[in-house]
Every structure is written in structure tokens, then in C-alpha cells.
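Letters are used for the chains, namely A, B, C and D, taken in the order the chains are written, and counting of residues starts over at 1 for each.
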Amino acid sequence: MSASTVTFSSIDALHKRAAKVKAEQEKHSMEVLVCAGPGCIAQGAKEIYQVITDKLDEHKTALKKKKLEVGVQLVSKCTGCHGMCEAGPVVTLEPSHHFYTHVTAKNAGDIVEKAILEGEIIEKLLYHQEARKGGNTVKRYTDIPFYALQNRIALRNVGVVDPLDLDDYLAHDGFKAIAKALTSMTPEEVADEVEKSGLRGRGGAGFPTGRKWKSALRVKKDRVWVICNGDEGDPGAFMDRAIMEGDPYSVIEGMLLGAYALGATEGYIYVRHEYPLAVKHLQLAIEKMTAAGLLGDKILGTDFSFHLKLTRGGGAFVCGESSALMRSIEGKVGEPRAKYVRSVEKGLHDEPTVLNNVETWTCIPAIIHKGASWFSSLGSKTSKGTKAFSLVGKVKHTGLVEVPMGRTLREIIFDIGGGIIDDRPFKAVQTGGPSGGCLPIDKLDLPVDFDTLAKAGAMMGSGGMIVMDDRTCMVDVAKYFINFLIGESCGKCVPCREGLRQVYDLLDKITRGDGEMDDIDKIEALCHTMEVASLCALGKSAPYPVTSTIQYFREEYEEHIRDHKCRAGVCKPLIKYHINKDCTGCLVCKRQCPVEAISGEKKKLHIIDQDICTTCGICMEVCNFDAVDIISGGVTVTQQLEKAAK
Amino acid sequence: MIKAVEKPVSHSEKDKTVRITIDGRSIDAPKGMNLLEVARSNGIDIPSLCYHPGLEAFGACRLCVVEITKPGWENWRKLVTSCLYPVEEDLIVYTRSPEVMENRRVVLDLQLARVPNSDVIRQLAAEYGIHDTTYTKRKDADNCILCGICVRVCEAVGANAISTLSRGPDKYVEVPDPEACIGCLACAESCPTDAIGWHEENGIRHIWHRDFELVECETCGKPILTQQQIDHFVEKSGLEERYFAKCDSCRKKETAVSISRVMF
Amino acid sequence: MSEQVAEKTCTCAEKFNGTLQAIFDRYPREESSLIMVLQDVQEELNWLPPEAINCVAENLNVPKAKVQGVATFYRAFSLEPRGKKLVKVCMGTACHVRGAGMLVDELERRLEVNAGKGMSPDGEFSLETVNCVGACAMAPAIVVGENYYANMGPDKLKRLLNKERES
Amino acid sequence: MTKRLIVTPYRCTDCKNCEVACSFVHTSDPRKPSLTRIRAYTLKNAVKTVVTCLQCDEAACVTVCPVEALVRNPITGAIERNERCITCKMCTYACPFGNIHFDNSNSEIVKCDVCEGDPACAKVCPTRALVWADKPQPDLAPDEEIDIAPMPWAMKMPSR
């Protein structure tokens, strides 16, 4: 579909265009959606798109004969959200919801010639329920539990609309909310509606969005800024990335509504530079909207003006913290400020500023369009609506999951996510990124919303959900997060800068087997000071991964210290690799060993020289016969885990 | 032009004082003034290492953290940074509660691990009962506690030569562009832990990897300041260069001479 | 005063054949453009040489010390030359639990370079660890240039590097 | 402000009592006359006089201070250095009369603050060459028109 070059001089003109585009699209009896996520692109999605377009052209007459009007779109559907990146490139047929995986340039033609023209189902390209084991095939993606159990609001357009095509967005009810606000709502009414919806900020702390807006309205000001926080830095979270890449117009429409409600004329979108595609799509969206009269002066012929700029982040996790983000937009080092004077009073350039994250902004158009009561009918008592999570780690179906608040962890991980890879035992789920905590198995029935997670010592955060199995060492996980935070701490305040360094030292000591029992107390005391006395949210929440693992997995810490044992076989100084009797003498490990620590001859048991071995684990990785064991604390970890798993 | 008068305060603003309680004492303070200043001007000591009254509050050292609550919320207590916290009506403040003292101890312990050789920090830590750090001492430790005072002072002077580089535990203070330094020593003199080394010898001042030749007083020949300082001050103040030709003692004597000339 | 400085002709831009001038023209010459400008300069030159940093400082009228502070604070900037291709190993949590650490060790060994420092002896590669490229579903992931490699293992690295060397 | 330090040079005997008193009050170490805010001189022509800060109306020191550390005390009329000072020493160079000094040993700016409205120098002056008085008193000066003396600083004697 060609890009819109029309400039809408009035709201009527916008409605007319939307109706026209919709009518045109409805003529299509079929849509072919080719995934354009980085995974699929890397595996040749663009080529496939070309093949399908060419094939459709080639069979023009045949299609006409069958009265088939086919549209093709390259959509950012996958971006991890289907969790099918490994099954990519992915092609979806609409409206039949037929879903083909592992498409190649060679068999892409089949989709046109067989699936479209003949109406056949291409069996060999179907999705396998148990992806890695063969198992049942599924024809429609809507039948995959991963999708069937979801309720998508923030992700409503991701993978559905063409992120580069303004017309396509229009055809999917795009800009209806802003048109409604501009024609029939006062700014206060927009803010009221958002407040009534019960929407809470999706960025982490869950502050009620409507209340934030209302307090900004009460501040006397000459100018107010509206900012979208797209600096999604939590490792393991990519909801915002998917939205910015797949549905940039919704984000901007949300900001338009916010600007209208707050009387803002200028705004920023701050995007991580690690997301080049998101930057590109948002930039294009801004350009197209400006050309169409949806951004800039006198939007849609009304007196409402709003100018939007995009800034790329410089690669600092701490800039996800709002005050640091604002410093970064000002071109400064991203050091946070204390928030005793709220940013709605003194934010960007010391002027009143309303900042919300990508997911929050995306929800706004839906709320205005469908009404606050529709939104608040979903979710739990204190947390309304839905929340997108990125379900990753050792779970079968990884990807983006959006469910109403209040669903349990079990539903998300086992019903939607399909459980743990290889059906291993579940050990913990880490929510809320580096600021969150690890929850053990007995918290699985916890309903997920802002308050229950916080009570359990974890955190909603931006919505990362990392599933861990029995082969994950919790001390190592704590160490990983502290290490991450050391790299990301801005270094301004003492508890965070010095405290993290010391906590890491202590954790490292424990994972080396040199720990002492009172190190755990030392860590806890340090964590307490960091939590209460750090300057910003990063420092205050930095100890959660440690405190939660100590709270729920204390015995694992003690094992490391007392028995010099890592029960998951992860902590390198505490483990040894050993080749057992199952060795067939195939020489694969010997060849792969980077330090030549393995000796042995063909068809003879190989031996690892422990003095040379660097415990890199490659031998275990490459062994096809499960003949490499990990030994820790005098116990064969691998066997013990298998036993426990059974 | 004249700054030396009290900042104009309108009557309505003047009335905006708030009554707060610090450690059980009832205190009237101008609304919006920071808690640290209110406490200190009332003789209540709150330790701090990064606060400087002439500079924008920074909030990095975390020593000035105090506990606050409000009447009727007694179960709710929160640690806040007193150098940044604007006072408000009815605030109840504890500057030496167990939580505050514990926090100060841990923070000083951490500082001591960072700068084990600093006398200032050793002394301060000793006041809180810490004579040796419980944590791992930093290797090759200098005395810098990253309080940021030097950076802010240099900014106030207008030279903007000092900056913190890198981030997290690797953060350090540096003059990345020695050319910008005017050698005024304000940073070194404001440093609470004397971490910025400098020395003067034979009319040469050495600071931040750079030698500055000192301009001598045209009357007595005493080295007074650097040419870079003169250039900077001339540009900033609009004063003529001749202002800087003599040392203050010689100028004072000159004043005496002119007085005598006028009078006799 | 600020206008005066802005009008000053840039003496350092010549070294870069006017490429930096084009970048400065894209943004308002003020402090808030700093990070964007540095990013564009780095894109142009592959790293931030000291002369370029001075040039940016002069043209945006920001003290050099501040530009240095910003350039060293943000991870996106490299103050030393980098190899032709940048190998980014995702260290996101999902990748970590699926063994990204092993990949870094192995890459450091194979490329003879430390992560985040310098480049391989042949000047082909620089190695960097990044915090989540948002490809968690493909964990552990490696990005070389613009190519994403999913489900990596230490044993697959040799082939990957050979492929990247050739292309 | 009503009072000011009034210097009547011809009465000065260069006895240095004022210097001692000043350093005693401010440093409790009278052995450091170089750091006194006030100095007595015997000039080449045997004229004796004291020089101390004039608390100028439009004071150069105040103008150049980057952090508003020099502020006039509304009660005493003196320009006082407060704790905002960052020791950049701009004021010491800016004062045309050489009346602000830097104390190296304590790293601080030294300046006359009229002892919070009770200047010790005036109290100890045996010849009334220094007086802390309401206004120029006719019997003190041969030419009582001190205000019209052809010296810029004299004309800018504090008036508030």
C-alpha cells in the first residue's frame, strides 16, 4: 500500500480517508503478512516478501479469475512477540489465520501457488506444537494456546498494521481517539477519562497515569513537556521495542492525546539507540504524521498544536529513570536527581513535564476510543487493564504475552508459555528486570499485578519475566544482576556506586567457594542501606535480585559457602567437568576443546586434564552422548538434577 | 548590578514560613529552604561531604540523609536527602534516629573502603565507631570521594574544565582538556578530602598535569596569579587587565598613598 | 557571548572534510543536541577521535570537559578505534541463563580481543557486550554488524566468524 | 544602616593597635598582621594612615563573585563573606583598594565585616583616627566635606 501523501485539513477529511482505505482493504479477500522482525529479516524475510510479491504478480490473471484480491505486507509481526524467531521467517495468511513457519525463498512460491490459489494447507510448513520434538501441527495461530489465552490492548496493532503505512493504521481505527477528543472532549475530560480507566504507569512503579496528569494540570506553567520513555533497558524485556517497531502511530497518538489533555505543545520520544529499527519507524511515523497535518501547528485544522522530536539514548540503563532521562535529553550526563520536587512541577529544562512509557502511551488511544469503563473492566482490583510481558528464559514458548492484570504466574508460564523447556523442574521466575526479584515455585499462584508482586519482594517493572529451571544457580543470577547494575550505575551516589562493588565482591567470594557464613549478613546489611539511602530508583531497587534470592534460596547460598557446592553446576570455580562411562570416544569434545585439556583416542574413554581445563563447558555442549558430567561439592550435579527432576 | 542586598522578598513570600520539628525541637523555617540548611542554621549538626552552600545541591554522599514523618503518620518513616529536601509545614525530622545512624555508619564504612588513606574520612568514620572498613579496600586508592564539589566549583568559576568521566564504580574526576583549566586552585581548596594535589615552586604553579607560570606583582614581585586567570577574569567580569597587575597588599598600600595625597 | 562563539569559524572541521559540518547543520547548536550529534559523528567515523570531540564541543558551544564526560558516560560511544565489524554479544538475562557468558569467553579467545576494548589483531572485529538487544526469544543472541545470530553456542562461533570475515 | 567606619588619616599614629585588635578578633592570633583586614601605614612622606574596606556601594568584589558569597549585612552595612564562598579568589583581585585577602593557611577569603557592628579596631584606636560613628562628624575632619573629596571610593561611602 502506498504511503499517504494527503494532508488532512480537517477531522472530517481524516474520517473520509479512513473510510476509503478501509473499504479498499475490505476488497481484499486475503492478506499475506510477512514477518519483518530482526530474526526473520536476518533469515531472509525481505527476499520472501519479494518472491511472494512477484508470484502474486505472475499469477495476476489466475487470481482475478478466482476473484481473489490479495494484499501483501511486510509487518513487524514477529520481533520476538510470536516467539517464533527460531521458526522464522514466518508468514501469516489473513483472515484465515493460517500460519507458516521456516519459509524459505524456495518454498515461498508455494504459499501463493498452493495456499492462496488452491486453498491448500502446506503441511510441511505448519507450526509444530512441541516445536523441538515434532508433535502436533497447528494450522491457525489462533489455536496456539500462546495466542488464544491472550488479550491484547497495548500490542493490539503489533503485527497487524504495517508500521510504515499511515493509511493502514487509519484502517485499523487509527486516530479515531484523537479525532474524538478534538471534536467532543475538553482537555480535562480526556484527563478524567484516563483517570477513570485506572491506568497505571507501565514503566515500573505503577503510578496512576490519570493522577499524574491531573497534578500536572494543577501546576501553574507557561509551557509543559510531554515525554515518551522508550529507553527500555531491562534485560529480558522487549515489549516497548515491539510496540515502537510494530505500532509507532499508536504511541504518537497517545502522546497527542496527552499533549491535548495537558496543554503541551512540545514533546520528545526518547528511544534506546540499541533499537535502530524502532528509531527508524518512529522517525518515519513522525515525518508522515507531520506531512499529513497530524503533528505540528494547527493539527487537523483545529487550534491544537504539538511538535514532537525523537531523541536517541546513548546507551545507559539509568536513563530509563525519568530524571536521568530528562538530563539526557538536555544533552547531559544521565545522573538522576532526587524527586522531592516532582517532574510535573520541575522536569525537563526545569519546566513541568509529564513522562510516561511507551506501553502507557499506547494504551491511551484505546482508552479514549473505547472508554474508561471498558478498560477498567479488565484486570484486578488495584491494577486495571492488561499488561504485556516478555516471557523469556527457559520456557517453551518465549515471546510477548499480554494478559489482563491479576492472572497468575502459573497461567502465564505454564498455560501460555507451555512450561519449562524439556519439562525440567521450574525453579524461579525473575520479574521486573534488574530492579525486580526472583520468585520461587510456591509463589506461582500469585496473581500478577503491581501490588502483589511488590509484596512478594519482586516487582512488575516494565514486564520482563525470565523463567529459570533447576540448572540456574540463584547466587549466580544475583551476581549477574549486580554485575549488570555495576556497569549501569551512574556512579553518583555512594550506596549504589560503592555498595554494588562491595556486594559483588562478596557474591564473587561466595561463588568462588571462599565465602563465610557472615558474608550473607553483610550482604543483607549493605542491601538495606542501598535500598533506603540511594538517590534514585536504580540504586534503591538494585538489591532486590539479591535480597529476594537470599529470602527464597538461602540454602543455596549456604551450600556454596559450607559445601563449596553449586547445585546447578554453574559457578565455575566450584565445578569440574568429568567424562563418564557413556563416552563413545568420538573425539568431538577433544577437537572442540579450546585449551586441549582432553586426551583420548578414538573409541576410547576420553579424560579431561583438570589442571588445564578452564571449565568453559564446550565439551558438554558438543557431546552427543551425555557423557560429560559436572561435579560440584563431590557430587555429580547432572545426575543429582536428573534424579530430582524425576 | 548590586547583588549585595538581600534578595528582594515580597511580603506574601515572607509570610511563607513553615513550622517543622527537628529532633523534638520546634523550628520556624522559610518554606522551600532545604532541610540541611534549616537544621544547620539552628545549630543542629548534620554531616555532609558533598554539600556546599554556594553550589547547587548534589545529593551524592548520602551522609546528610535524615528520617522524616508527618503528624498522624507515625508508622510511616522515610529516609530523605536533607540537602535536597525542601521543608514543608508540619514535617517531623529525626537527624539521629537509629536508622539514620546505621545508614551513616554503612555509608562511612563504604567511603572508608574507597579512600582508606583519607584523614578526613578516617576521622569522620571514627566518630561513628568505624576504625577500619569491613569491606574490601580499593586498590591504589586516591582520596577522591566523587562528591562533585570540584566539578561544580569549576563550573561556578566559569572555567568548566573539570568533569567526571566514565560511570559507576569506574567514575573518576579529571580535567580532560587541561587547556581549559585556569589554575585558580578553587577546586583544590574546596575539596573536602584534599584529593586534588597542587604545588607552587619558583613562580610555577602545578595542578591538573599542567604548569602555570605565575604573573608577578608589578610592585613587589610576589607571584600572584596565572595569566589564564587574568584572561578569564577579564572576560568574565569586564574589569580591565590592570586590576590584576598588583597583589592585594600593594594595592592596599597604594590606597593608603592616595588617601594621604588627598588628605594632605 | 554565546552567539559570538557560535559564529566563530570552526578550525577543526577541515580534518574531517566537512563531514562533521553536515552533522552540525542537522541540529540546533545547543547542548541538548550533544548526544545526537556525538552519535552521528560516531556513525560517520566509527569512533570518536579526540579532534572530533573538540570539534563537537566548539561547534555546539559546550565545554570540552562536558563533552568528554558525556562521551565516556554513555556506552554508545567508543573513544578508541574499533574494528571493521562490531560483534555484540547480548548479555540480557535470557541470554545469560542460556549461556551468553561462555560465548564472550570463547569470542575473546578466538578474536584475541577483550570485550569492550580495542580490536582484533587483524583489525576486523571489535567485541562488545550489550545489555539486551531485545531478541530474548532467540537467546543467546549475537549481533554482528546488522546481522542477528540466534541460539548461539560456543561451538557455532568458528563458522560464524569465518562467514563474517568473508562477507 | 546608620553607622560606618570613619577614617581620619591625620589623627593616625600608625600605632598598629587596630591591626592587632583585628587579628585578635578574627584569628585569635595577633601574630599574623598580614591577614588583618585593616592596615596602618607610615608612608614615605611620614604621613600615617589606616586602610580598611570601604564597604562600597557598588562593590567590585560583589559584582565578580560567581556564587553570591559576598552579601551586604542589612544591619551593619558591611559586605560579608558567607559560607557560599568557593574560594575562587576573584574578589581579592577585583578589589581596587586591595581590601580583600586570601588566607592560605585556612583556605578562606578574609574581609572586613565591621565585627558584626562593633568594630574592634575603632574601639582600640587611641587617637580616634578610626571611629565607628553615625556619620562624618564635623569636629573630626579639617575639611568636613569628606563626601566631596575627589576620590571615587570616598564618594561611594556607604549611604544605606
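By our rule, contacts are C-beta pairs under 8 Å (C-beta built on N, C-alpha and C of every residue); 3 or more make two chains touch, one makes a residue touch a chain.
Here the structure is a predicted model, which is why all the values come from computation and not from measurement.
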More contacting C-beta pairs: A-B or A-C? The answer is A-C
Here the gap between chain A and chain D, centre to centre from mean Cα coordinates and rounded to Å, is 69
For the pair chain A and chain B, the C-alpha centroid-to-centroid distance in angstrom is 43
Averaging C-alpha coordinates per chain, one finds the centres of chain A and chain C separated by a number of Å equal to 23
For the pair chain B and chain C, the C-alpha centroid-to-centroid distance in angstrom is 36
Going by residue number, chain D touches two or more other chains at none
Multi-chain contacts in chain C, i.e. residues touching at least two other chains, fall at 66, 69, 73
Chain B touches at least 2 other chains through residues 164, 166-167
Pairs of chains in contact here are A-B, A-C, B-C, B-D
In their shared complex, chain B is touched by residues of chain A numbered 316, 333, 337-338, 340-341, 486-495, 497-502, 505, 522, 525-526, 529, 532-535
Within the complex, chain A is touched by chain B residues 58-62, 65, 79-81, 84-86, 99, 102-103, 106-107, 110-111, 113-114, 134-136, 145-146, 148, 164, 166-171
Given the complex, residues on chain D that touch chain B span 7, 9-10, 34, 39, 41, 43, 45, 47, 49-51, 57-60, 62-72, 74, 79, 82-90, 92-102, 107, 149-151, 153-154
Per the touch rule, the chain C residues reaching chain B in their complex are 54, 63-66, 68-69, 72-73
Interface with chain C, chain A side, in the complex: residues 38-39, 41-42, 79-80, 83-86, 232-238, 241-242, 273-275, 311-317, 328-334, 390, 392-394, 398-399, 430, 433, 464, 466, 468, 472, 477, 480-481, 484, 487-488, 490, 592, 594, 614, 616-618, 621-622
